[in-house]
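Chain nomenclature is as follows: A, B, C and D, assigned in order of appearance, with residue numbering initiated at 1 for each chain independently.
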């Protein structure tokens, strides 16, 4: 049976969103069991992990097409979207820097079991400065023994495997990214965080208490750099989340305006309303354009010769940083404007805007706040252009 | 026994906040029974209704001093603050435009029973355009019979009395504001709204089904204008709420920065952090200044000869509009910046910033969104300056 | 001899900018004779009209590559850039909607004489509302006689031909765009405007006093729509101007920061500076991405079957609107930040930032201010999505 | 003859503005001879130096009233306003920290000759960090000999005297502020700066080549601190300049809107226009409020017992910092919005908005840019509140 094309998948995703997410936002926002039943429904449709490589049986859909898919999902619910796509962070690292066996076992496993993976990176004292990580992977014979406390890890509780950043005193790279099967003894979910938004997703504090994995579980390359590479894909899709949320806000504004009476007509014919929506539409288009451009940038490098080495050389791509920053900033402007659009009713849980505002906040907070990303952009992409 | 001075009261309020609000924010944010126990504690201290006129036994504290009191309360919890001060909207109308008997009975009652009053103004189809109100007060002999549906009314469920805006087909003014004792037959609380923030307060949908009150319950003057007068006081204190919330955000930032490690030092010594807090501090000072100015403006008019007539003539004061708009806008900038300040932890309910962001949103939404207030400012204060 | 490729041209343009613009900004800003000598130098290099169709001997360079060329030119001087590219507005209309003869004569003439064309659209009372144009083209036998007053027309004084929007009472389309050779009797340059920026360019008030042209000078299609089509190309390149100006501002900031002492080091190592430049760099990248996307959008349609009809059907492209709005808005943020970056010296004519700020303002003002474009975006691209 | 009251002066200033500034803006903007003839006219009316102490024959007008006067002047021309009020920086230092003789001679001289004074503070390498000043005042017997290069000094060329900040190796304070009569040998005007705005004023680069003054010319107290005190008054009036410019912009918008046709009516009745002007009006009111508050703060301290010592203790007042920052920021928002309001004509020198935009930029640039002031606010007013 031939693989479904990207547009097949996008079409199915739209149907899924209409059937299983729209109208169920309050339930998804309640923060119940993770993952919520809708995730199971999505998996049952054979759509989960759409981007996984065809070599292990995955859908092989490009990051550019994934932007559309994620925007569609986030139109319905950003927490569902996040749960579904964030495995790309770990899976990209394994795909690019894992041995054939790791790829076959773990990425193949994701496909076969329609499962999730999680990344263990940030720590309490090492949020934006991962080189300060205190988790260690110590070599013992043919194994690594990993010990540490990881602060935020989405999907960890129900993941198939974890990709963990650790200091590696015995390795020349000093940092490694290692694959840890979820059921490895010593992996402990300490708590689930009670998030402000994206509440259909599950983010956990995880401790690693002497987790033993074969040395072959280590991905090639400096772990800090390997993580940077993976973040290009996930940051682009986080940015796409903002697109979906923002489209939803625009549509709620329009729906409200069609019937809201104002000065003898409806809000829809009010020039101030038109000006606000015109501005939103402009921002939305620019957000979409930048997400697609970042995704094409990634797809281009990945399709090139020696993609893994090239990406290791380049690390954080400018286009992905810019996508996340732009979408976070313009998305917040849209959500802020939206949250003033519905009068009193917009300040109640009878309306979705409160949820959408909280969901939007996520975009600028995870995987590097703007202060961190501005600094990174300056250091990596501006300073080198300045002659001494 | 002599009345406590404003600074006595402010001092007591600070102690109350420290003892009964700080640390209890999650409980206050849970949206349980309204009013929450903390309100009872405040009342038991004899502090409730601090601004009520001394002529009926009230504290007689000026609006200028009330700004400080409300900012202190909102530093602890904006919902508690809102519950406590919003009676000023109704009480000001009664004080200025009620008969001696209405004042004695109802304002005296508020003092005696440490109670609340509520205002019934907005309707589903008449949010920002109150002249479209469909509630009516029909004259029947020596009574008015009031019928209508009111959309948002804070404190209504547990108020002593309600001040209701109604169309009055029999009255030359065409609109009246009338005092309706809460226990009047036909007053029905339809539902409590589930608000996004200020969740310690209670806001209700209320229906009036043929509520009969003596004609003497009508306040003097066109009800639309009488309401405008009262809104000057409440808008100024809503603005003061933003000051309190913003101070709290600043202090949480500082507390976080003292210990947050960054590049070998703490965040507190980071110049980007200093720049953000310097900007916040500037905004906070401007917000405070404008609140105080609006309050002094009101106090000045109220202290003048024939204050009631003068206020009816002036209606909406520019200074109060500006205070609410400025504090709402700069407050939202502060809350937005704050919500990006705490990394991942700031996106969880383990941190207060999510609540403070939601509480802040209230300021720009109630008693006229900025679109409405910009239009009002233009129509009332700019157009008249333009020669034809 | 084979045509130079786009990258050849871009390389030559960079050399031209370095040799003839950088360092001569004060002279270019002085607003002397238009066009300034640098334009002649550019033409002598055979670079002028690089986008003109190869069928008439032009360079045939795509709009996507033109974005790079214009950004390079505007890095040197936005007025020079504007003078050089704005002919694309008229030439695109003639290329798409002119007869073979008009194309051969007038576009061929531009190539042969390295000349310019100008567009006559806006009028004193018809700036943003071109359907209110009072210029008329009246049919007299086989001619049109054109009469009217046109407010702003760049390059008109030294153009080879003018493309004029006029009401056409005798034509079913009611509006026509007509080619008027510059030397046609009755074309009068009333004045040159003294612009705030882009002062190397020349913009004129023009009157048409019974200008007679053959009826074949009329372009096919409703003139309002034909003009809309042409604006897609020019708006995209106006947006590209912002990119060039903004890059120049960034580079001036970096140059200044390298030597500016601050707290015992240089400004370049100051985190607040890094944050500002990081933000600028993000904005610059998003601006560039959107310009390229708009240009590719145009190039795609133009390369398609029946481009002229398709463009007439679509009129104003969303991507071009968004490019101009985004680049104007983010460009102004960059210019505003830049204008505070250089201390007192930045407030003098000893520094370029004042010129760059004035040049940047142009982007949001010409060919539709943001109010007009927001309204257009809403009307064309949002309203049709709203079910009645 | 009794002194004119503040309202007399304000009234006269309004007449002066109407008679001598309005309509003459292009000439004032041309940057001709400084001071321009209008300054002489103002002086001839006996209005110059209105704030100088009555003890030396000055007008004794408060800073609060000076805010109104400066706003009126800046409504006409910000450069004229700046020329007229900036002497307050030097005169305040002399008034508070000069000997009786210095006060009598120099402030008395200002009154008698309707003259100006200038301050010499910033240097090429010591703009925002005055403690890095390299100008020195070396004790020689009963004299100080002052040598250095001062970068920006307004009014210096035609001042009666200069107040100069210098390092004082022989003085325990290490820095001194000294009065140098303008005609002192060794004072040399190196050049007049060609400013972007406020072009009716004159700002100069000045060198001091062994200028000898009696030791009694030194003001009491650490020179850096003395300067800080004086800056409170001048920063407040710089903020007031923004108020005047912004009022002018608003009025130009209204004037334009009254006749500009739009969609079958005039712009004045357009809701988007109303919203913009409503927002401007809000900002203008907040700016005015903060200027007045800062001025009252200063007036209050100055009227108190031991004002000089109290001010030396407090240095930079928060209210003045906030006034300059707020007015600079909101003023720039108003000017930016204004510069998009007038279509193409607003991009020409036929309209005043270009000048007003350039004049407004001055506010955020002089006497400390916002980066410097944010840092100062943080260091002086936030850090001390943070327990170690």
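By our rule, a contact is a pair of C-beta atoms (placed from the backbone, for glycine too) under 8 Å apart; a residue touches a chain by one contact, two chains touch by 3 or more.
Predicted model only: the values in this text are computed from it and were never measured.
> Report the chain pair from B-C, B-D or A-D that duplicates the A-C interface, where duplication means over half of the contact pairs agree by residue number.
It is B-D that reproduces the contact pattern of A-C.
> If you average the CA atoms of chain A and of chain D, how many Å lie between those two points?
52
> With chain centres defined as C-alpha means, what is the inter-centre distance between chain B and chain D in Å?
Inter-chain centre distance comes to 39 Å.
> If I count partner chains per residue in chain B, which residues reach a count of at least 2?
Residues 271-272, 275, 371.
> Based on which chains are in contact, what kind of graph results: line, ring, star, complete or other?
Topology of the interface graph: complete, with all chain pairs in contact.
> Spell out the part of chain D that touches chain B in their complex, as residue ranges.
250, 254, 258, 268, 271, 274-275, 277-279, 281-283, 285-286, 289-290, 292-293, 318-319, 321-322, 325-326, 371, 373-379, 381-383, 385-386
> Touching residues of chain C toward chain B in the complex: what are they?
It is residues 270-272, 275 of chain C that touch chain B.
> Which chain B residues qualify as touching chain A in the complex?
Against chain A, chain B makes touches at 122, 125, 127-129, 132, 151-152, 193-197, 261-263, 272, 332, 336, 339-340, 343-344, 346-350, 354, 357-358, 361-362, 364-366, 369-371.
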